[in-house]
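Each structure below is given as structure tokens.
Below, chain A partners chain B and then partners chain C, in two separate complexes.
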Partner chain A sequence: MADKIYRINMSTLSTAVEEVPAQWQGHGGRGLTSTIIAAEVEPSCHPLGPGNKLVFAPGLLSGTTAANSGRLSCGAKSPLTGTIKEANAGGTSAQLLARLGIKALIIEGLPQEERWYSLAIDEQGITINEETELIGKGNYAVIEAMGQRIGAKTGVISIGQAGELKMSGANISIKDPDARIRSCGRGGLGAVMGSKRIKYISIVPTDKKVAIADPEAFKAANRTFAKALVDNPISQALGQYGTNVLVNIINEAGALPTRNFTTGQFEGHEEISGETMYDTIVERGGKPKHNCHAGCVINCSQVYNGPDKEYRTSGFEYESIWAMGADCCVDNLDYIAQADNLMDDIGLDTIETSVAFGVAMEAGVLEFGDGAGICRMLSEEIAQGTPLGRIIGNGAGSVGRAFGVTRVPVVKNQAIPAYDPRAIKGIGITYATSTQGADHTMGYTIATNILGVGGSVDPLSHEGQVELSRNLQIATAAIDSTGMCLFIAFAALDDANCLPALIEMINARFGINLTADDVTNLGKTILKTERAFNQAAGFTNLDDRLPEFFSQEPIAPHNVVWDIPGEKIDTFWDF
Partner chain B sequence: MKITVKLFAYFRENRFLREDQDLPAGTTVGDIISSLGIDPEEVGVTMINSRHCALDQAVQENDQVAIFPVIGGG
Partner chain C sequence: MADKIYRINMSTLSTAVEEVPAQWQGHGGRGLTSTIIAAEVEPSCHPLGPGNKLVFAPGLLSGTTAANSGRLSCGAKSPLTGTIKEANAGGTSAQLLARLGIKALIIEGLPQEERWYSLAIDEQGITINEETELIGKGNYAVIEAMGQRIGAKTGVISIGQAGELKMSGANISIKDPDARIRSCGRGGLGAVMGSKRIKYISIVPTDKKVAIADPEAFKAANRTFAKALVDNPISQALGQYGTNVLVNIINEAGALPTRNFTTGQFEGHEEISGETMYDTIVERGGKPKHNCHAGCVINCSQVYNGPDKEYRTSGFEYESIWAMGADCCVDNLDYIAQADNLMDDIGLDTIETSVAFGVAMEAGVLEFGDGAGICRMLSEEIAQGTPLGRIIGNGAGSVGRAFGVTRVPVVKNQAIPAYDPRAIKGIGITYATSTQGADHTMGYTIATNILGVGGSVDPLSHEGQVELSRNLQIATAAIDSTGMCLFIAFAALDDANCLPALIEMINARFGINLTADDVTNLGKTILKTERAFNQAAGFTNLDDRLPEFFSQEPIAPHNVVWDIPGEKIDTFWDF
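And then the complex of A and B:
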């Protein structure tokens, strides 16, 4: 049976099942969400108004046995940036949707009444139901209720209080195989779901399988692909230390933004490092390795326990730990774990919210290093929707405007993550030119600027940074369309067997003959589609710039400023 | 010649996190790696004073040498 589009109209509270238009057939994941948003959403619309749409799409390989293919893309016009937006996450929902033959969910319109709803998806189709009991509750309460009402294996996509309150830092949570949370984190997509008054989407598992055009070729390619991932030394290090292995190397490189981006090294780096985290997890009986979706062979997630050996958090990522740690000067992993879990429950992007706390600390709202204060404000201010809670919950830019702070690390109003662009210039190009505001995952130049993956480009030089960022942004747009975790890129950059096997799997799944050039062209087309949307929404090349303070304030220890001229940044789009 | 060597991730196992060493002039980063019994194949990144360096680079008085295995994240 051919895949279908499920369209949900919240203005009329009606649903429709549609054939996939020919021009959307070759798309999945980010390519599909961005293509649909560009085709159906007026770029000048208010992101929280009736004109915006929220689109969910599994990747091209999601739901198959392909290793690491369980990412779900979510797209809309972002209330944080005003640009087009795609955020993707693991969890179980991408695979469940794909096996039900759902190529995309398109949620449009706004309800006429002040009621809350849920969407229920199963083999029979999709229904809209009123929800009362779970309104005002966190994501964990939703996941628990779905387990009781429907069954333990139910897929859940939900928003917490932040999404209900339409905060620009609100994310969308995806239940993982252990009933924990993965997040479509960036850009405030939870607020879009909240504007449509949908608290959660439940997905009942099916026994159906994704159709594979050439099962033998698929199996052989998947074996090669999985081997390339498993054999890669970076995959192995990710399994042991998680992504937080980066704290010490980025600190050593002098690029760990500290104390609201005022210096590049954090005195407490060892306390929050991946090495310390690993030792703590082992000592307290947690799990250093954990997968966010079935079929992941990298296992970068983990289960982190408190001193009482009870669960605190999982999916404890470098960027979250950096943001609460170095940027807010909290040198205590237990406070950071508590805050991480609170943000998962309230439904907040850990990067946006923690960088917002860093700006709030500079403004004197609380002291740098006050981990207990962050946890208290998350529960008592943001989750409750107090005026101060809303200012912080709307992100770093919001805090800067409210308190008159000028050192506000954002591009297109989205918080800059864990790598200082003054000391790693390639990532500055990515922050500036990304179609979605500052986002390291859009073109992860850290691989080549710092980690020596895919060659080597001096992080402090001007040379080669635009080309590096461009090539990575094109490749990333394509990978984000497959349902693959971005961490396959480490193997893809250095193992000649990896990428051909991935393309072979796509060909075997659909019975087509894509070449490597086709995949590159797909990435280029996606970037251009996204940029055209942003231009129609009013963005120009002058928005592709970093905040002024980066070119005025040198960062230690290298004492460098951001000094790549605008004209050079603009050459990014010469393709 | 006094220098400081810093090890990261699993290179620390049965070795050290940070150690001051007294080395003869002309010692290279590769020499330090060999002296620690680290397989050069496992080395991902080396830095001297927060700047990337090659294995044949000689260290100088008061240098901070950082040695990382092949790692990634993001």
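And then the complex of A and C:
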């Protein structure tokens, strides 16, 4: 059975199942969401208006047994940045959708009435239902209700209060195998789902399997691929300490943005480090290893318990911990865990929202270090949609504009994450040139600038940063199309067996003959498609710049500013 | 004595008096502020950061006896739009500065400490003083204190609480001859003054006079000029009813944006019309005629009293009355007068703020028609800087983003004023192409589209609108450089004696020989200077567009949409 496109029109409350057009056949994940948005959305449209579309697409390998292939891509025009946007997450939905033969869901239009809806997907197809009971509730209430109404294995894609309130910091939650939450985090896609008045999408599991053209070749390649992942030392570190292994590393590099980006090292770094977190998890009977989707062999997630040994949060990422920790000066993992879980429930991007709190602290709304205050504001202001809650829930740029703060770390209005571009210049190129605003995952130069993966490029030099970011952004666009977790990149960069095995799996899945060059070209095409959308929306090279304070304020301990000239940044697009 | 440039550095708290560079000699008013900003401000700088400058400049004829020449221009990079910005107002300051031989004040840098300051200008020069007593107070308190501290005739340029709070809707107030307020209204220039922590500028009058190269020729030309103004029928209507004569005219044209731009006629138009206002003023012992600066022969201002016959407001403009009236559906002039006076005191642009209230009403923050609610929110939220006050005080775009509203009437983030571009297409060209965001005064096509001044161009046709807006924008840029009130344009367009007399006055003032072509070229040069700044700040032709809802929602009674294609709009710049 060939995969289909499911199209949901919220203006007419009707659905349709369509054949996959030939030009979309070779695409999955981000490649497909960006291709569809570029083809069907007028770039100048209001992101919350009837012209925007919300597209979900599993990756090319999602639903197969391929290791780490469980990412679901979500795309739209972003209400935060005004650019094209793709965000992907683990959880069970990518695999469930792929096994149902769904290549993409395209949600378009806006309901005529002020009612809320859900989408229900199963083997029979898709239906639109009115929803009342869960409106105003958090993501965990939705997951629990789906478990009771449909069954424990039901896939759930949902928004919390932030998405309902159309906040630009709202994410989209994807239920994981343990009924916890993974998030399509960045760019405010939850607000787009909220504008379409869809509270959640439920997916009933099927016994069907994804068709594999050459099962033996697939199996062999997957073995090689999984071995490359498991053997990789970065994979192993991620498995032990999670992504939060980075706190001490980035602090040591002097690139841990602290106190709203005013210095590069955090006094309290030990208290929030991956090592401290690991010890705490073990001591309190949590799980240091946890996977966000079946088939993951890295297990960078974890279950973090409180002092009472009860569950607090999972998927406790470095960037979230940095943002509430160093950037807001909260040196207490328990507050950070509580806030992380609240943001998951309310449906807020932890990076955008926490950086927004950092700017709000600079504005005097809260004291730096007030972890209890962050938790209170999340529950009492943001989830309630008070005016202050809306200011913060709309992100760091919103807080800066509301309070007249000039030190606002955003590119294209999206918050800069956990690596200071003054001290790690490659990541500054990624922030500046990314088609989607500041986002470390778009071209993770930290790998080479700091971790020595894929060679070595001095983080403080101007040399090689543009090329590094370009190569990684191209590779990332391709990886994001496979349904693979980005963490395969460490093995792909350093293990000669990894990438060929990945390509072999794609070939075996579809009975085709892609080469490494084809995959690189796919990445290039995706970036260019995304950039063309942005240009038609009004973006130019002058938007590919960091905020001026990075050029004016040296950051300790290296006492360096951001000083890569605009003309050099612009050479990024010479390919 | 040659005119001088006064430069005030707030970083070092020092001042300097400089000769006027040759290339600035021929400029005054907007031509000078825009030339200085373009020359000295990095276009990509943060408008509230140390790189922005705030420039005040009297016009070329300010301080002379020329009729209607009392406008003061203020320029900076706008925190509302991100474009270059000039706003001008009457009052006494332009004349006082010109007579002191001050061609421009350039205020640069930011104070190192969190203190507030004032600038004191007199014949001896300029001093920077710390100010404490008036901080947190409104503009009227400043004017009153200056009267007591220095003298009743002291010129005052000040900001209210909105400017202190760096709100993008904050204006700069200029004291008029009766110690009332005129405003450099649009673009949030009050926030720039607030960022520089200057609460007010006081100007002690001088007995000095502006030097005139050929006094006899000047006098003769001024007689001709003033007669052209006085004889003009539009001048006369403005003198009787004020600008608010337009409520019934624009309502009749079906172009009075009502209920946040959802229809083109307001049921309550009679209650808020210029005719009703005139009758009310007369009945309550107000003044139907009032001038905002000495030498004005039009007298479009007025003094509006309450039912108790006590003063309520003056300078009660059509656009303010429209915005609170039709756009917010408040059909009660007393509430509108109270809100107008509050906004003057708090230092808020009445257009931006009232359109912001219209969007807030659509978001459900207030009911449409709740005039008392507007007054309460002005005092209790905006003036206090509460989170809701900041959302509204930052303008219509801010409210739209905070509450996820898609019907937000702004261009380049500045609120569209009192003429619907769907039903008067010429003004839509002005809104789209203006170098300073939506602003009717930049190229007031209403003159020709509706009032039959300077010919006639059908408001509903596509034909001739670009040319009309272009010619008016060029002429306006030139007029804004003279210190003349824009209302001389009606006579200039229809009376063959008017414009030659104006040029003759400039020639007689400076002993030069400008031709009409020179004046047109001046206007063109100013527009191109402003546009070049904006382009360097990242603006492109795609920013010269109206919000999409104007193309999607027909407006009654004509049931027309905005349908002038982008390519046609772009021909505006073909000169």
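For the reader, a short list of remarks on this structure follows.
Note that the second predicted complex is superposed on the first by the 575 of 575 C-alpha atoms of A that agree within 3 Å, B and C clash if a C-alpha of one lies under 4 Å from a C-alpha of the other, contacts with A are read in each partner's own complex, and residues count from 1 in each chain.
The working rule: a contact is a pair of C-beta atoms (placed from the backbone, for glycine too) under 8 Å apart; a residue touches a chain by one contact, two chains touch by 3 or more.
Note that the structure is predicted; figures quoted are calculated from it, not measured.
With both structures placed on the common chain, the touch criterion links A:572 to neither chain B nor chain C.
In the superposition on chain A, contact is made by A:300 with chain B only, not with chain C. By the touch criterion stated above, A:452 is placed in contact with chain B alone, chain C being left untouched. Look at A:404: by the touch rule set out above, it reaches chain C but stays clear of chain B. By the touch criterion defined above, A:246 reaches chain B but does not reach chain C.
In the superposition on chain A, contact of A:44 is made with chain C only, not with chain B.
With both structures placed on the common chain, the touch criterion links A:200 to neither chain B nor chain C. Contacts of A:486 after superposition on the shared chain: chain B is touched, whereas chain C is not.
The residues of chain C lying in touch with chain A in their complex are 44-46, 48-51, 79, 165-168, 191, 194-195, 386-388, 390-391, 394, 398, 401-404, 406, 536-538, 540, 542-543, 545, 547-549, 552.
Partner chain A is touched in their complex by these residues of chain B: 6, 8-10, 12, 17, 42, 44-45, 47, 50-52, 66, 68-74. Chain contact summary for the complex, chain A toward chain B: residues 233-234, 237-238, 240-246, 248-249, 252-254, 270, 274-275, 300, 318-319, 440-441, 444, 446-447, 450-453, 456, 458-460, 486-487, 490, 557-558.
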